[in-house]
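Input: structures, listed below.
Two complexes, one shared chain (chain A), two partners (chain B, chain C).
Presenting the complex of A and B:
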C-alpha cells in the first residue's frame, strides 16, 4: 500500500475551459477525496446593485456568463417583474422561451464538442462546433449578438423578431436535426467514447438528492426534476417532459444532454408554431419594492435569482445561485474511487461554468 | 399544458438564531433539500441570512436577522453541502459561522480583497 499524496489540479489545466482548483487526495492512481477552491476570477457583479439601477442590472445579469447569458437576464427580469406585478406580453413570453431554448441548444452542443476534445476526438469536436455556429448565426440574425444578446428587458423584450425570420428559423431547425443525428450517433455508440464514459463517476439517485445536484447531472441519476415544469414564461403552454436516465454515470449525463438537444429543437418549433401576435414590451411604472426568489432551468441546471428592493431605483440585493455552484459537492463525491486519469473527464461531465460561479 | 405547481409568492418565515437548527432539522426529516443560503446587508452592521429549501417544486425560506458581532451555527451537521454557502457568506460578508464541517477559514474564494460585500 503506497502512501497518501495530495496532488493539485488546476486552475490551469489543458482540459479546463475555466479556472477551478482541486486538491486531489490520492493513493496510487485512485482518488480518495477532492477539495475545491474557487474565486480566481471572481468579479463581484452582484455588488453592482449599488451603482446600477434596476433596469441597467439586466445588462449586468446577462454578463454573468458568456454561454447562458440570456437565461441570467431573463431570470433577473422575471424576479423584478414578480415584485412589480408586471404582466409580460404573450409574444415576449414565447420569444423569451425560444431564446432560452436556443441558448440551451448551443450550450449542450458546445459541451459535446468539449467532451470530444477531452477524449482527443478532434474531428468530432469540430463537427459539434460547426453545428453550434448555425445556432449562433440565427441568434445574431434575431438579436444582433452571438454571445450577449441584450434583448431581454424588464417588462418584455427590447425588440421583436419578424414572423418571416421565425419561419426561416423553423426551416433551419428542422434541417438541423439530421446534423445532430450524425454526431449523437457517435457519442452514443462509439466504443472509444463509451470506454471513457460508461460506469465512470456513478452518482446514485439518493446521492444526487442529498448533495443538492441539479440539471442534467441530477436527471442522469433518475431524478425527474426540471425547473421548467414550474411553468414560467411559456413553458406551461408547451408539451414536454424532463429527460432522464437511470445509470447515473458519465455516459448517462451525455445521454441526457443529447436528449435535451432534441427536446430544445422541439420546444423552439412549438414556440414558433404557437407564437402569438402583439406587443413585446409592457409598460414599467414605478420602482420595485419587495423581494422575490425566481428559479429557472439553465442549460447546466436550476438557477436561483434573489432580488430584494426597497422602493428606490437601486436594489438592496441581487443574488444568483448558479447551477455549477450547486453541483460542486456532487462533483467532489463522484471523484471518490475513480482513477486520476478520469478526473478531467469527470469535471467536464457536470458541464462546469466557473464564469457563472464567479459572478 | 400546465406541468406542475406554480411557485406563487415567495414563502419566507422569520426566525431567531436559537431555533435555526431545530427548524432545519425538522425540514431535513421531511426530506426537504437545501437550495441555497445567502446573506444581504440591510443596514449598518445588520445582515439578513436567507436559507432556502425545496421539496419537489415547492420552495420555502427561513430568514435570520443578525448583527455584525453575532455568530450563527453551521447547519452542515444537518445538510453537508451547506459548507459551500456558509464559507461563501463568510468570505463575502464576514459573517461568522461556527462549526462548519469544512471550514476554508476565508479561503474558499481566492480573492485579493477580504469580505468585499461587507
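Presenting the complex of A and C:
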C-alpha cells in the first residue's frame, strides 16, 4: 500500500465549467474521500432585497444563474404571488411552463455537450451545442434574451407570445426530435461512452434518500420524486410522469437526462396545444406581507425559494436553496472508491452549477 | 454501429454550409424582440429620474441641474425595466448590442441649447413668480398685523 496523499482539484480545471475546489484524499489512484470547498463566486444576491424593491428583485433573482434563469425568476414570482394572493392568468401559467421546459431542454443539451467534451468527443460536443443554439434562438425570438429572459414578472409575464410564433415553435420542436435521436444514440449505445459511465459512481436508493439528493441525480437512483408532481404552474394539466432509472450509476444519470429531454419536448408541445387565450398579466395591488416557501423543479433538481415580507416594498428575507447545493454531499459520497481519472466525469454527472449554489 | 453513425455526420458537415455565421464580415440580424441596448430620445425626456431609480444595476444617472441623462451601456443588463417605467416613453430598447469598446464609455445626452434656454427661462419665471407670491403673502401678513394692532390696543384699553 502506498501512502495517502491529498491532491487539490479545481477551482480551475479544464473539465469544470465553474469553480469548485476539492481536496481529494487518494491512495494508489483510488479516491478515499473528497473534501469540498465552495465560495469562489459568492455574490450576495439574496441580501439585495434590502436595496431593491420586490418587483426589481425578479430581475435580480433571474440572474442567480445563467442557465436556469427562468426558473429562478419564476420561483421567486410564485412565492411573492402566493403571499399577495394573486391568481396568475392561465395563459401566463402555460407560457411559464413552456419557458421552464425550454430552459430544461437547453440545460440538458448543454450538459450532454459538456459530458461529450469530458470524454474527449469534441465533434459530439459541438453537435449538442448546435442543437442547443436552435432552442436559444427560439427563446431569443420569444423573450428577447438568449439566457436571461427578463420576461417573468410578479403577476404573470411582461410580454405575450403570439400564437403564430407558438405554431412556429411547435413545428421546430417536432423537427428537433430527430436531431436529438442522432446524438442521444451515441450517448446511450457507444462502447467508449459506456465504458466511462457504466457502473461508475453508483449511488444506492438508500444513500440518495439519506443524503437529500435531488433532480436527475436522485431519480437515476430509482426515487420517483420530482417537484413538478406538486402541480405548480400548468404541470397539473399536462400529462407528466417523472423519468427514473434504477442503476444509480453515471450511465443512469445520463439516461435520465436524455429521457427528460424527450419529455420536455413533449411537455412543450402539450403546452402549445393546450395554450389558453387571454391576458398574461394580472394586476398587482398593494405590497407583500407574509412568508412563503416555494418548491420548483429546476433542470438540476429541486430548488426552494423562501420569501418573507413585512408590508413594505422591500422584502425582509429571500433565501434560495439550489439543487447543486443539495447534491454536493451525494457527490462526495459517490467519489469514494473511484479512480482519480473518473473524478472529473463524476462531478459532471451531477451537472453542477456553482454560481447558483453560491448565489 | 455508432462509429458509422457519427461518420455520417462528419461527412455531412464537410459539405454543409457552416452553422456559425462569419461575424463581423456578415452582419448579424437580430430578432425584433432582442434586447440589445437602451436608447433615449432626449427631446421627449423630462429628466424625471424614474429610470435612474428603477435601474437594478444603477447604469443610468440623471442630472437635472446639468440637464444631462447618462447611461453606462456596459453596466446595463438589458432588463427593460427602465423602459417600462418611463412616463414619457422616451426610452426604447434597440435590438442591436452595444458596440465593443476599449473602455467603459458612458453615453451622455444633454438637452439642446434652445431647450436649456427655455428651461432656464421657465425656471427663472417660476422662481420670480414664487418670489412675487412670497412677497405678496408677506405684504398681506404685514397689513393684517397692522389691522390687528388697533384691535390689540382696544383690548388693552378695556383692561
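Worth pointing out:
As a convention for this text, the second predicted complex is superposed on the first by the 359 of 359 C-alpha atoms of A that agree within 3 Å, B and C clash if a C-alpha of one lies under 4 Å from a C-alpha of the other, contacts with A are read in each partner's own complex, and residues count from 1 in each chain.
Note that contacts are C-beta pairs under 8 Å (C-beta built on N, C-alpha and C of every residue); 3 or more make two chains touch, one makes a residue touch a chain.
Because the structure is predicted, anything quoted here is derived from the model rather than measured.
After overlaying the two complexes on the shared chain, residue contacts for A:42 are found with chain B alone; chain C is out of touch.
Of the two partner chains, chain B is the only one touched by A:231; chain C is not.
In the superposition on chain A, contact of A:291 is made with chain B only, not with chain C. Counting the residues of chain A touched by each of chain B and chain C gives the higher count for B.
Of the two partner chains, chain C is the only one that A:59 touches; chain B does not reach it. Shared-chain residue A:123: touches chain C; no touch with chain B.
Of the two partner chains placed by superposition, only chain B is touched by A:239; chain C is not.
Look at A:325: by the touch rule set out above, it reaches chain B but stays clear of chain C. Shared-chain residue A:186: touches chain C; no touch with chain B.
On chain A, the surface touched by chain B in one complex and the surface touched by chain C in the other have no residue in common. Residue ranges of chain A in contact with chain C, taken from their complex: 52, 56, 59-60, 63, 123-124, 127, 130, 133, 140-145, 148, 150, 158-159, 182, 185-186, 189-191.
Of all residues in chain C, only 1-2, 5-6, 9-10, 13, 19, 31, 33-35, 54, 56, 77-81, 84, 93, 95 touch chain A in the complex they form. For chain A in complex with chain B, the touching residues are 21, 35-40, 42, 44, 46-47, 209-212, 225, 227-231, 235-239, 291-293, 295, 302, 304, 306, 308, 316-317, 319, 321, 325-326, 328-329, 358. On the chain B side of its complex with chain A, the touching residues are 1-7, 10, 12, 33-36, 38, 40-42, 50, 52, 56-57, 59, 61, 79-81, 83-84, 91, 102, 104, 107-111, 116-117.
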